[in-house]
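Before any comments, here is the structure.
Chain IDs A, B, C and D follow the sequence of writing; residue 1 opens each chain.
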Amino acid sequence: MARLAENQYGKSRVRLLKVIKNGAQHEVREWTVGVYLRGDFERHFVTGDNAGMMATDTMKNTVYSVAKESSALTMEDYALDLARLLSERNPQVGHVHVTVEEKMWIRIKAQGERHDSAFIQRGPDVATADLSYTPAKAGADAVAVVASGVKGLVILKTSRSAFSGFKRDRWTTLPETADRLFGTEATIAWVYSEPKEDYAAVRARLMDTLLTTFAGHDSLSVQQTLFQMAEDALAVEPGISEITLAMPNRHNNLVDLSRFGQENANEIFVPTDEPHGQIQARVVR
Amino acid sequence: MARLAENQYGKSRVRLLKVIKNGAQHEVREWTVGVYLRGDFERHFVTGDNAGMMATDTMKNTVYSVAKESSALTMEDYALDLARLLSERNPQVGHVHVTVEEKMWIRIKAQGERHDSAFIQRGPDVATADLSYTPAKAGADAVAVVASGVKGLVILKTSRSAFSGFKRDRWTTLPETADRLFGTEATIAWVYSEPKEDYAAVRARLMDTLLTTFAGHDSLSVQQTLFQMAEDALAVEPGISEITLAMPNRHNNLVDLSRFGQENANEIFVPTDEPHGQIQARVVR
Amino acid sequence: MARLAENQYGKSRVRLLKVIKNGAQHEVREWTVGVYLRGDFERHFVTGDNAGMMATDTMKNTVYSVAKESSALTMEDYALDLARLLSERNPQVGHVHVTVEEKMWIRIKAQGERHDSAFIQRGPDVATADLSYTPAKAGADAVAVVASGVKGLVILKTSRSAFSGFKRDRWTTLPETADRLFGTEATIAWVYSEPKEDYAAVRARLMDTLLTTFAGHDSLSVQQTLFQMAEDALAVEPGISEITLAMPNRHNNLVDLSRFGQENANEIFVPTDEPHGQIQARVVR
Amino acid sequence: MARLAENQYGKSRVRLLKVIKNGAQHEVREWTVGVYLRGDFERHFVTGDNAGMMATDTMKNTVYSVAKESSALTMEDYALDLARLLSERNPQVGHVHVTVEEKMWIRIKAQGERHDSAFIQRGPDVATADLSYTPAKAGADAVAVVASGVKGLVILKTSRSAFSGFKRDRWTTLPETADRLFGTEATIAWVYSEPKEDYAAVRARLMDTLLTTFAGHDSLSVQQTLFQMAEDALAVEPGISEITLAMPNRHNNLVDLSRFGQENANEIFVPTDEPHGQIQARVVR
């Protein structure tokens, strides 16, 4: 006899671009939204009865509609507006999970001036927001947990990175080094203590702190630098309760030029995507 | 004051291809392996002390070495051999997570005969294995939880799929239909009750059952078909304790040909990748 | 003073899925179509005058409309129908280039039987068609050049492949070998002498010949095997005038297991995507 | 009887990262190099005789070796050094084609200062270089044709873009508009009259001109803006002889919010990747 344990359904990869106009001065937001619901849906799965079910197509329409209605300038505030509307109108929903990714558009510099209404996309990093929303029920208030972050942050340091003193056994061939490249494509997310921050300002301060620590740290390992970045982030930003960093070690392998009669004093490397180290941690206060 | 909550590290995307030779008759296995460790690693993060740490490069070497030594013909058995060796040699490791993906290579049919040593890759689906391994410690036996599955299984049915009776509100524009296309790129994984199955035989039987149910089911919704597939899988295979299916609804949108004076009796569709519905559930006994 | 040299415009990545119904027995075709026009378009570029210009949105609509109207079962025949309609209705068009890629859908085998209306996608190779169409003009007949092919054909042979005798200089480190893996992701296209073939039958015969030669050839180099495949294709199929093959050498690098005290008699390899050799040739009669 | 028409072989996707050190001040170049040779190679294909053939593995090694030896700071100058060495040492080579793509790394701003040796990757656009090199032969001098460009330049303008006056027929459903979004992922390449420019300076000036024209142009069509960009580029830079632009029209579709009782005054769009218009031209003096 089969029994439904957990289930969820929703709509993924709903893309929208919003143009915000202050006269001739435009801003653009490009968001990719995901909405995932949990709740009292068992009969939909077990019997095929669709009564009361919000179609995922309706969720998609709601994503666009709220984008128009909402005055939110950040995706975190937008996600809150979206989750509230979806759960108010659908009492069968017990939990709403909203994810948003934002592609970065910056103004084109045309002859030294930032243009009013022309933009160039910048990446590869995208900003992320993640909302876990439990609607008010039976006297209990609604609970919103907001996390913000960044994905695909590709950074590299060419000095102040060592790796030595690790365990050596039959399968260890990696030489110890006092000077290596340290490259990563980081995914970082921080959780707010309260869902009422100035999300854009916190993001700017945290990104500045994270990049400054990455650049300046005398690294003995990816692990140590990751933890130092987390520690500095928590120190600079009292409004966040925790931060999670995943920092794959994207290896740049030194080319053996001695085979061609040349030296290679940490000058010529082969960048690789795979295999890669994968180091991650959640750091709390 | 910052404090490490969870952490893990490991090596991702270690690719290997093994040629198994029975005389002139060859077989190939192409596996992409990930190894992730948890354990007593806090000082590596906090102080930069690397003493006793297995480098991720050493893990990579071990992946290759075990591939040679092991007689495993399935990735599930290989993963068990790998986790055992890694944990035996590294007592600081408290948990090993191994993931493997297998690309499917089948024999080329050359003039009607399956060739001994020439192969063609088949996909887009890849087979998956996932091992959670807790080494024996202080009298307690080792615990191995093995899951197998498939990823990227792109399937489509052009009849016996309806969707109607769902909730209609201000944001609902989707028409009801008694006849639609039902396409998905499924991700499926099942968990074995005991880690000692004939993994290849179970996989073959389950894939046959899952595809048969998908094809034959009179579908009232993705949810209902998903649950029926799970139910039939659990019924056919007593050695598995649960199954999880994620079935994104990859929409094929009917083209409005009436604008050109043509009918479209469910003949011409636009296949899309985004946005897509996302339906998933875990089903247990 | 700037002057327009060549120009073209069109619509790319127009996806369509056609369901062909013979009672309960369905077939599906999934095509991604590109349409590119050349002709008398200079004033559109130079002055911004759009008079007489077919919008690319109109091309997209035509792609769908012809898919409905046309009785073509192959993408080659469909492409001809599409090019004819586009050029008849738009005399300003001097040349139509149509590209089509077909994803392979095969029937799901449900309890041993091929199902009527349920399908599984197979790849990674996709079938391709390419039509160069010059409409009739001033007494001259229309000219249609049809090419068919395959893209992303991932094949591998584990025996009968050597590579030795090549030039050695200061930068040569590759050892000679009498026994290596030979893997490629081939792109192949053949041109028909006349645009009136049974395209599906020719495709089936050529794929069989190409794979048979790849499998059985005693290869001294990628170059030699490529040429032999071309030669056999031209021999088996009198209706084609030429064939072009691009066979990147996707290297499987032997792992040095001697560092761990193990032998590696061509058993354990690291498959790589980059860098890769790139060998290509056009072969004619 | 089969006969070799054209052929070429080479090495693709050779990635390298070069660290250029001026004391503590570092710079990085990340290049992906392709090398493709044409020449007197027929017997390699036809007979399998490899004598005199430069292995593609040797080309790869040469790419790294020249990266070390060469003092070039631009990929254009590097490509010239590479092509000269390859053809000097291999008289059987009749033509060398070198392609290079450069990922952009900029200094991390750490507490307001550009850091000496820490970098962040910027894209999605990559800079490109393309060298066609014919070695000196029988009294004729070597000929080098250098092109530079950019790929994946994702730009968007939210005003000053119209599209109207185009042809309407049975398949035309696109409304005319005086105000639409205009987004593209441009690929642009310019050819130098002589291979001895300050490539970095020309690139900077041309990118500034191209972006300024894109931003400021009162666009009647993609075609017209493309041509204007070309015309302005040729005007600003006497050292280039031609420029080619491919500007796919990546559509942002206006959402019909009237179905939900809302207006949409060009505010909420759905960005799409497919299908897309494809407009391209080569513009000469």
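Convention: contacts are C-beta pairs under 8 Å (C-beta built on N, C-alpha and C of every residue); 3 or more make two chains touch, one makes a residue touch a chain.
Just so you know, these numbers come straight off a predicted model, no measurement behind them.
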If I average the CA coordinates per chain, which chain comes out farthest from chain D? B
Any idea whether B-C or A-C has more C-beta pairs in contact? B-C
In whole angstrom, how far does the Cα centroid of chain C sit from the Cα centroid of chain D? 24
When the centre of a chain is set as the mean of its C-alpha atoms, what distance in Å lies between chain B and chain C? 30
If you average the Cα atoms of chain A and of chain C to get two centres, how far apart are those centres in Å? 38
Touching two or more other chains in chain B are residues 15, 61, 65, 171, 173, 259-260
Which chain D residues qualify as touching chain C in the complex? 1-15, 34, 36, 41, 44-58, 60-62, 65, 89-90, 163-167, 169, 171-174, 219-221, 223-224, 226-227, 230-231, 234-235, 242, 248-249, 273-285
In their shared complex, at which residues does chain B touch chain C? 15-21, 24, 26, 28, 30, 61, 64-65, 67-69, 105, 108-111, 115-124, 153-160, 181, 208, 211-212, 214-216, 252, 255, 257, 259-260, 262, 264, 266-272
With touch defined as at the start, can you tell me which chain B residues reach chain D in the complex? 170-171, 173, 259-261
